[in-house]
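To start, the structure under review is shown below, and the notes come after it.
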C-alpha cells in the first residue's frame, strides 16, 4: 500500500535516532554524572532498560531498582542523584525527570511518517474539499460536501459523513465515524472506533410506540481536543453538543445530546454524561462517573471515580460517592457506616430499653 | 462515490424546505399571533435562533429567553402565549410545543436521500438475497447466504455475517457488525459500531484452562428496535438472546448471552445486563445500571441510574442504589446515613456508658 | 466474494452433522435410556427442542420442563434420570450434562470454514510477513512490517498497525484495530471492534494546556487470551501493558496504560482498570468493577459486580461495594444501614435526652 495511513515508526521500538548523555543533559538543562558519551536510542523502565536505553528515577520509592539497573542513561531527581547504581553508564540530574522525558521522547522517536495523498481505495463524494497536505488512508469514505483542512490525516476505514467539516492538522485513527452534523476544530485527535454526532437517545411515547425525536443539532469539537477509543458523542437534538477547546476524553465515554463541556477538562474512561448537562471549564471527571441530565457542574469541580451525580456541583468542589456529596461528607458517612456495623446490636438494645 | 450510503441532508443545517407561520399553525392545530407570512427554514433553540428559524418555548423556566429572541416563529404553550418578546415575527400557540416540533421537523428537513443499489466496492458472498430498493454502501461486506429485506439500507463498512437475515426498511449505520446468528425484524435501526451476536462470555475451567463454551444460539432483534453506537449484544449459547419489538437501546450498552428483553423498553447508556436475565415489557433502565445474571425484572419496573441489581424486581416498582432496593427505602437509608455521620460519636458514648 | 472471512456454518442452525443417542452416549461415557437410534442434528433448550434436537437437564429447578419436552435426546444428570418426560425419544445419563455438551457441540456444528489466502481487496504494506495458511479478509489493512503467524485468520475490515506481530492460529473478527505496539501470542481471539494498543490517557499540564505524554510502550497479549467486542486496551507509556496467558476479557472493558493482568483471569463486561494497576493470576472481576490506578489485586482475589476499588486487595479474598471492603464487612454494613433507617428517629431522641 502507499504509506497513507501508516504509523511506521510509532511501534515503541525506538532506535530511529540516538542521543549521548551530554546531549540529553543539554536538552533538559541537566548535569551529567558519569560517561557523557554514553549513547541511548530508546526509552525503557529501570527494571528492563538495557545499555542503549534511557530511563528515569523520579521517586525514592523506586530507588532500589537503580542498584541493579543496566540502563545507558538515567534521569534522576537531585535528591536521588547519589543513589547507588554501579552498572548505569551515566546519570543526568534534572529537577523533574518525568517532564524531562516529555522533551526527550520526540528526539528519540520520530513522529509517524506518512505521505500526503489520497489512497486509491478511498471513496470521495461529490463536492468534497481537501486542504493542502491531507492524507486519506485505505478504504476511507468521505461523503458529499465534507471539508478537510490542511495537513489533516484521515486514517484507513474512517467514515466522514456528508457536510462534516474538519480543521487543520487533525488526526482520525482507523474506524472512526463522523455522522453528518460533526464540526471539528484544529489539531483534534480522535482514536479508533469513536463515534461522533450519532443520534441522541430521545423519544416521545405516542400511539403506543416510542417515537424518535429527529436529531438536527450539531456536535462541535473545538480545537486541541483528544477523544479516546470507542467513545460516543451524540449530536444535539435541536441545540448543539459542544466539547470545549483543549479538553481530553478517554476511552468508552458516553456524552449525550445537547451536553456542553467546557475547556481543558479531563474526562476519564467509561464516564457517562446524560443529555443537556453542562460541565464547566477545567472539570475533572474520574473513571465511571455518571452525571444525570440537565445539571450543572461548576468550573474546576472534581468528581471521584464512580460518583453518581444527581444535582448541581458548585465550582471548585470535590465530590464523591452515590448519591454524590462533598468528598469530606462522603468519607465521614462511610467511616460512620463501617463503625455502625459493630454497634447496631447494642443500639437496638438501648432503644428497646428506653422505649420499653 | 455513488450516493449509496450518503446522508446528504441530515447535517442539521436544514434550509431544504420552508414553512410560513400560517403553515406551521395549520400543521399543528395552533393559533398564529403576529406575522402569519413569516418564513422559517430550520429549527434552532431560542438563544441562537435567527429570523428564518423556528424555535419553541415550552416552560416558564426559559421564558426570559424570549425577550431577546430573534426567531422567525416560536411555538409557545398557551400559558406562555403572552410572554414578552418583541423581536419575534410570529408565535404559534399550541398545547405541546415539544410534540409539535416532532410534526414539523420532517417538513423542514427532508430525510437523507440515497440511491438504491450496490456500491461497486461492496463485497457480496454466495447466495446472498437482496429485496427491492436495497442500498449497500461503500466497502460493505455481505457474507454467504445473508438475506436483506426490501428497502433496507446497509451503510459503508458494515459487515453482515453469513446466514444473517434482515427485514424490511432497516438501517445499519457505518461500521456495524452482525455476526452469524443475528436475525433482524423490520425497521430496525443500528448505529455505528454496534456489535450484534458476538460470542457470549462463557467458559468451563477444565484441565487448567478456561475452555470456551461454543455459542450456537441466535440474537433475535424484533421490529422497530433502535440500537445505539458501540453497543454490544451477544448471541445465545444454546438458547437465543432476544430484544423485544419497539425497545430502544442507547450507546455503549452490554447485553449478555441468553438475555431476553421485552417490548417497548428504554435502556440507557452504559447499562450492563449479565447472562440469562429476563427483562419484562416497558421496563426503563437508567444510565450505568447493572443487572446480574439469571434474574427477572418485572413488567414496567424502573431502575434508577447506577443501580446495582442482584435479585428479582417486582413489576411496576422503582428501585435504586447498591444493592438495589425499592427507591423509598434507598432514600431513607441514604438520609439516615448522612445523619448518622453527625451522631456517631454521641452514640458511641451512649453505648460505652450503658455497657460500662 | 472468496470465502475468506466467512463463518459459513456458525449460524446456530446446526444440521450439518448428526449423532444417534448411542453415539452421544459413547462420546460422553453416558448410559442410554430409550431409543438408542434417535438422531439429533442440533442443540436446543428443553422448552423449544424438537425431535431432531439434543437438549439437557442439569438441575432439578428445570425438571418440570421435561414433562412437555419434545427433544430427540436429552442429557440428564443421574439424580434426574427418572424425571417424567414421555415425548423424549431418548435420554443419556451423564455426570455433568453441561460439560458433556462442550464435547458434543463440536461434533454437531462444524467449525467455520474459510479458505486460506488474501482477499483481493485487502491492502498489505511493505515488508509484511505472512505464515502458512493465513486468511486475510475483504478490505483488511495490514500496515508496513507487520508479521502474522501460521494459520491466523484476519477477518474483513481489520486494521493491523505497522510493526505489529501476531502469533499462530489467532483470529481477529471484523473491525478490530491493532495500533503499532501490539504484540499477540498464539491462539489469541479478538472480537469485533476491540482496540488494542491505543494511546493511554496521560497528560502533563504545562503552559496552559494538557500536553500529551507520548506513548512508546507496547501492549503484549499472551497466548490463549480472548478479548470481547468493543473492548479497549491501551499501550504502555514507557513500560508495557500486559495481558497474561489464558485470561478472558468480556465486552466493553477498559484497560489503561501500563496495567499488568496475570494469567487465567476472568474480566467481565464494562470493567474499568486505571493505569499501572497490577492484577494477579486467576483474579475474577465481575461486571462494571472499577479499579483505580497504581494498586495491586492479589492472586485469586474476586471483586463483586460494581465494586469500586481504591486500594490493594489481598490474595484470595472476595471484596465488594463502594469503597470496596471484604465482602462480609460490606454485607454487614448494608444490613446495618437498612436497619438504621428504622431506628434513626429513636436514636436522635436518645441522644437529645442524654445530652440535654
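Chains here go by letter, A, B and C, matching the order in which they are written, and residues are numbered from 1 within each.
Please note the rule applied: a contact is a pair of C-beta atoms (placed from the backbone, for glycine too) under 8 Å apart; a residue touches a chain by one contact, two chains touch by 3 or more.
For clarity, every value in this text was computed on a predicted model and none was experimentally measured.
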Contact graph of the chains (line, ring, star, complete, other): complete
Between subunit B and its twin subunit C, rotation from the CA superposition, multiple of 5 degrees: 120
Inter-chain centre distance, subunit A versus subunit B - centres from mean C-alpha coordinates, in Å: 26
Multi-chain contact residues (two or more partners), subunit A: 121, 139, 157, 175, 193, 230, 252, 270, 288, 306, 322, 337, 340, 347, 350
Contacting residues of subunit A [partner subunit C, same complex]: 1, 3, 5-14, 42-45, 98-99, 101-102, 105-106, 109, 112, 119, 121, 137-139, 155-157, 173-175, 191-193, 224, 226, 228-230, 246, 248, 250-252, 264, 266, 268-270, 287-288, 305-306, 321-322, 334, 337-338, 340-341, 344, 347-348, 350-351, 354-355
Residue numbers on subunit A that touch subunit B, as the complex places them: 121, 123-126, 139, 141, 143-145, 157, 159, 161-164, 175, 177, 179-181, 193, 195, 198-199, 201, 203-204, 206, 209-218, 230, 232, 234-236, 238-239, 252, 254, 256, 270, 272, 274, 288, 290, 292, 306, 308, 310, 322-323, 325, 329, 332-333, 335-337, 339-340, 343, 346-347, 349-350, 353
